[in-house]
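Note that the chains are named A, B and C in the order they appear, and that numbering of residues resets to 1 at the start of each chain.
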Amino acid sequence: MSTKDFVTGMDSNARKAPRRVAFITRRTSAQVKAVDEETLQTFPEVLFRAAVAIEVMAIGLVTMALLFNAPLEGIADPSHTPNPAKAPWYFLGLQEMLHYFPPVVAGVLVPGLVVMALVVIPYFNINIEAEGLFLKDRERRLRIFYIVTGALVLFLVVFRVFVALVPTLIVAAFMILAAQSSPQSPSAFRRYLASKPLSYWIMSWFLFELVVLTAIGTFFRGPGWSWVWPWRS
Amino acid sequence: MQSSNQPWSSLWKTLFGDPLRAFGIVSAILLVLLAIAPAKNHFSEWRHYQKGYLRMVRSRGEAVTLQRHFQPGIQQIWHPDIGVTDRCTSCHVGLKEASLTDVKFQPYRKHPVIPHTTEQYGCVMCHRGQGAATTVEEAHSSTLAWEQPILPARYIESGCGQCHRANLEGTPQLNQGRALLARYGCVQCHSIKLPDAGVMQATQDAPSLSHIADKTTREWIFAWLKDPQSYAASATMPNFKLKDDDIRDISAFLIANSNPVAGDTLPPISQKAADSTAGASLYGESFCASCHAVQNAAGNLVGGNVGPELTRIGNKTKPEWLRAWIHNPRVYDPGTQMPHYRFSDQQVATMEGFLLAKSDSDFLANVHLDPATPEQIAHGKSLVMEYGCSSCHEITGIKKPENFAPELTRIGSKSISQLIFLPGMSHTLPDYIAGKIRQPRAFSPGLKMPQYSFTLTQIDALTTALLAQNDRAQSMPPSLSVPAPQTSHYRPAGKAGQIMSDLACFSCHAINGRGGDMAPDLTWEGSSVQRKWLEDFFRNPGTLRPALIRRMPKFNLSNEEISTLSDYIMTVYQTPEFDRESLPESGYSATQVEEGKQLFYSKYGCQSCHIVDAKSDKGYIGPTLTGVGSRLTAAWVYHWLKNPQALRPGTVEPNRNMSDDEAKSLTAFLMAQKGSGTKEAKK
Amino acid sequence: MAKTVDQYFDDLRDTRVWRSIFRSGTGSSTLKRSLAIQQNVFLHLFATKVRRRMLSFSATWYLGTLTLGTFLMLVVTGILLMLYYHPSVPQAYADTKDLQFVVSSGLFLRNLHRWSAHAMVFLVFAHMFKVFYRGAYRPPREFNWVIGIVLLLVTLLLSYTGYLLPWDQLAYWAITVGSNIASAVPVFGDKIHFMLLGGNLVNANALLRFYVLHCMILPLAAIFFIAIHFWRIRKDGGLYAHQSEPSTLTKTTLAKEAQ
């Protein structure tokens, strides 16, 4: 089917989308099957919606820029170290970890592994089947779960990383709840938990740790990286 | 969009139903918001103040001139080499307008007259604050991004001290502060480096403690250390707030550590004790009060502050030491500023009796010390080292500590965040410095810095001087730095030099840049006076100036000493400007003398400051001229009349721009005044 | 009959000049609208059509769009800020101060740049988690997920390099703390640290290096990867929809067949 034929054979204002014939082989991806989904023209529908979304955000940011000044301190002075010297907020989780672990672990190994893990997520068929973690082979998986969680908790206790321990325990508690739930559970929340795969739990744990460590680094750390209460300053 | 309210729902649909329309409306809102930023810029503070200035100016008489001088927009004084970017003049518009001195409110008042223009060095150089800022808050206050707020006006002289190392006439507070730093031993513990690679030197050397047992008792040391000011209100030594046991041990160590000086004590002189009137008159005749102060009955200190206060000297010194000291102070302390009066034995006994009577019977009444144990002495030694006593005092066996206290070279730009303030104290650098000087131990009981008894004025002066020690002063380009005059180490040579150092001439007189300012500069004395008068003066120093209380004491010099000194002065201390023999000392014609008299009394009115005829003239500002003809050389008088400042820079005598003939006639008249002065001197 | 606004617009689009610039011509037919996307060098990165479901807010929270929005705002404000900035010590700090004190709306520009930068970092993270929880990284979108991770790192580096530029205490010590982490890398730590800063300490060299990275290298990298990122959305079958998950797809197909 040449392009030229395609164009000439089509009414420029066709009501219906042209019908496509797809040959489904083993190697074709599954998406082509969903052809009869209702669609919209990108121009103007999507573009203008996107533009409106961006503008609404811009309004928010412009308002913020008008009301709040960006921080600026005294000129850089290598001879005078402020206490505490803090990295940008998105690295404070990392800096918090540096407080507990040697730099080679917290500064290189952990972020390196996180990036590696993120990159390989789609290649290891993680979450492809999206089955609830404990729906199949429950006993064995629960045993593995207890061993891994126990080792992690022990590790965090040995290094006295209690700020990371708390989110770990909370996520573990939810996972145990999930293990006790089934898709037939009367509670919608428990049905939801039961349907979540392993990757969901790991990512949620990571997100939770990230948020907690960043928040602690940002708000709860004072001189000498000691614990301070932000409302008692 | 779900809305229970029908009209609202339809309005929403009208506005945002169509993405295109929603885009238009949201874009409009965004554009309006974006327009706020330039609008905010338009209503900036500096524009507000410039408009206010124009409004204020309009109602004034000189409006046209002021409006013509006015320049709109942000103004800037920019000197990148000294780090000045000052936009203060954007709001302080009328700084240079001479007519705006009467303006009540800032920022429009005229700047007071100072030796520099605002363009020369900008504003923050002296006033601090953030010169680049264009808002009131940012320019004047301390913010997160700028630490140094505007300096309170009472410390403003510190700005001058950043460039000027020498004393300035216009900065009495700064001069006082620097003098105090040097005098009160601040610079003995704290090193203050000067931009020209030197270090601020102490001007007062605390007495050596190596031979203290000769001079005083352990009890006195105890009472003194407990509270130096209770012994002498004007004592330089600060209070270290020591515990009684510590003082006991320190006094034990100092006495034990002392070694005697050969010949510095004299057995009692077998003279009958003179009555106290004789002592008082000898004390007066010797002009001891020029240097030493004594508290009078009203509690006021009377006398100079070169030597120690003598109010309770009888409590302090051992009689045999005092005797020897009066006889010749240079035996005990070769470097003392006290002259070696050649007192007779009778005079020594009289003076000793007079001084020993100056005591307070209660002063040592409560001090009872048991004999010292070796442990106490050892502990005393460790305390002496801990408190850095040898920073100021010479103590046998203990070296002067290096870097004993923090360096203060850049204290004036110390970062606030590095300071620890007392609760309730305002967080500014001047307040910190002043607070630290006022009550050092309040900041931490463990601090070693002692408690001084400075007055508030002195504290302000010290703070001013310390604020001048800052980064800017250290990094000032050499072209702008005005160094202090080089300290002269002039020492006269030979036998005359020995006599002069024995008499401590330099304690009062300056010669070739070295010496005190209590008495006249003698650098060109040889050109100025006649030899006969000089010799007479040594024999019996009268005063030239009736208004002065301080006079040259009588040293009881031998004829040989007088002739040695006079020879030396007449030959060495000559000005290169003229020859002292160039004009005759007598033999002027009567007409010339009469003409000079006319000039003296009529044209120049010299009698308003000087006295020639003791009966009618009432001038007490300048020296009495009744005997000037036998005191000064004619050449000196002539050149003095022509240009007094050339011979003695800074003298009060005005330069009247006389013609040569007038100067000659006046010289003739003055050289004729020989009579009474000589007589007086011979009395 | 008076012409409507649309007709005026059509007239404009029919002029020779307009036609010489935009090739798609007049009319709002589906074809013309498709051509408007296809024939535009920027817009052709996008698909001409999008599933209606994907436009609902809950589907994407518009996080990718908003991230692009912050990036555009950062480019605009950043270029304006570059006009007033010298990457030298101590001029950099003075320039930052002057933005506040003398540049018209300079403080606003800097504020907007700063807050947009923070927003972008936040949105990039949010976008990543949203994509993960929706499972939108699944084949054939694996590579686009990897591009996304690269963009996350580029964004962090952009923010990090920009952090130093005001040359204030906050910047200096944040960068000192951050760059010291690089020293912890085994064997090459110090070399990497030296290369990052152009010296052993954060100094004028580091400022220049960060400036070049922040204003030239990293934005170009970002634009490059953003282009691929968008293009891959189209190539990988448009925005990911839940129905294409194997389990739900069966349902849809069954429903269709039932019809």
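Heads up, the rule we're going with is that contacts are C-beta pairs under 8 Å (C-beta built on N, C-alpha and C of every residue); 3 or more make two chains touch, one makes a residue touch a chain.
This one's a predicted model, so the numbers in the text were calculated from it and none came from an experiment.
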Fewest hops from subunit A to subunit B - one hop per pair of touching chains: 1
Nearest-to-centre chain - CA centroid comparison: B
Leading chain pair when contacts are tallied as C-beta pairs: A-C
Label of the chain whose CA centroid is most distant from the centroid of subunit A: B
Centre distance in Å when subunit A and subunit B are each reduced to the mean of their C-alpha atoms: 70
Chain centre separation (subunit A, subunit C; CA means) in Å: 18
Chain centre separation in whole Å, for subunit C relative to subunit B (CA means): 66
Contacts with two or more other chains, residues of subunit A listed in rising order: 44-45, 49, 58, 62, 65-66, 71-74, 77, 80, 82
Two or more partner chains touched - positions in subunit C: 97, 100, 108, 168
Per-residue multi-chain contacts in subunit B, two or more chains: 37, 40, 145
Contact set on subunit B toward subunit C in their complex: 37-38, 40-41, 74, 85, 87, 132-135, 138, 145
Parts of subunit C lying in touch with subunit B, wherever the complex brings them together: 94, 97-98, 100-102, 104-105, 108, 168
In the complex, subunit A residues that touch subunit B: 44-45, 48-49, 51-52, 55-56, 58-59, 62-63, 65-66, 71-74, 77, 80, 82
Of all residues in subunit B, those that touch subunit A in their complex: 19-20, 22-23, 26-27, 29-30, 33-34, 36-37, 40, 144-147, 415, 417-418
Subunit C - residues contacting subunit A, complex: 27, 29-34, 36-37, 43, 46-53, 55, 62, 65-66, 68-70, 72-73, 89-90, 93, 96-97, 100, 107-108, 110-116, 118-119, 121, 125, 128-129, 132-133, 135, 137-142, 145-146, 149, 152-153, 156, 159-160, 163, 166-174, 176-178, 180-186, 201-203, 237, 241, 243-247, 249, 252-253, 256
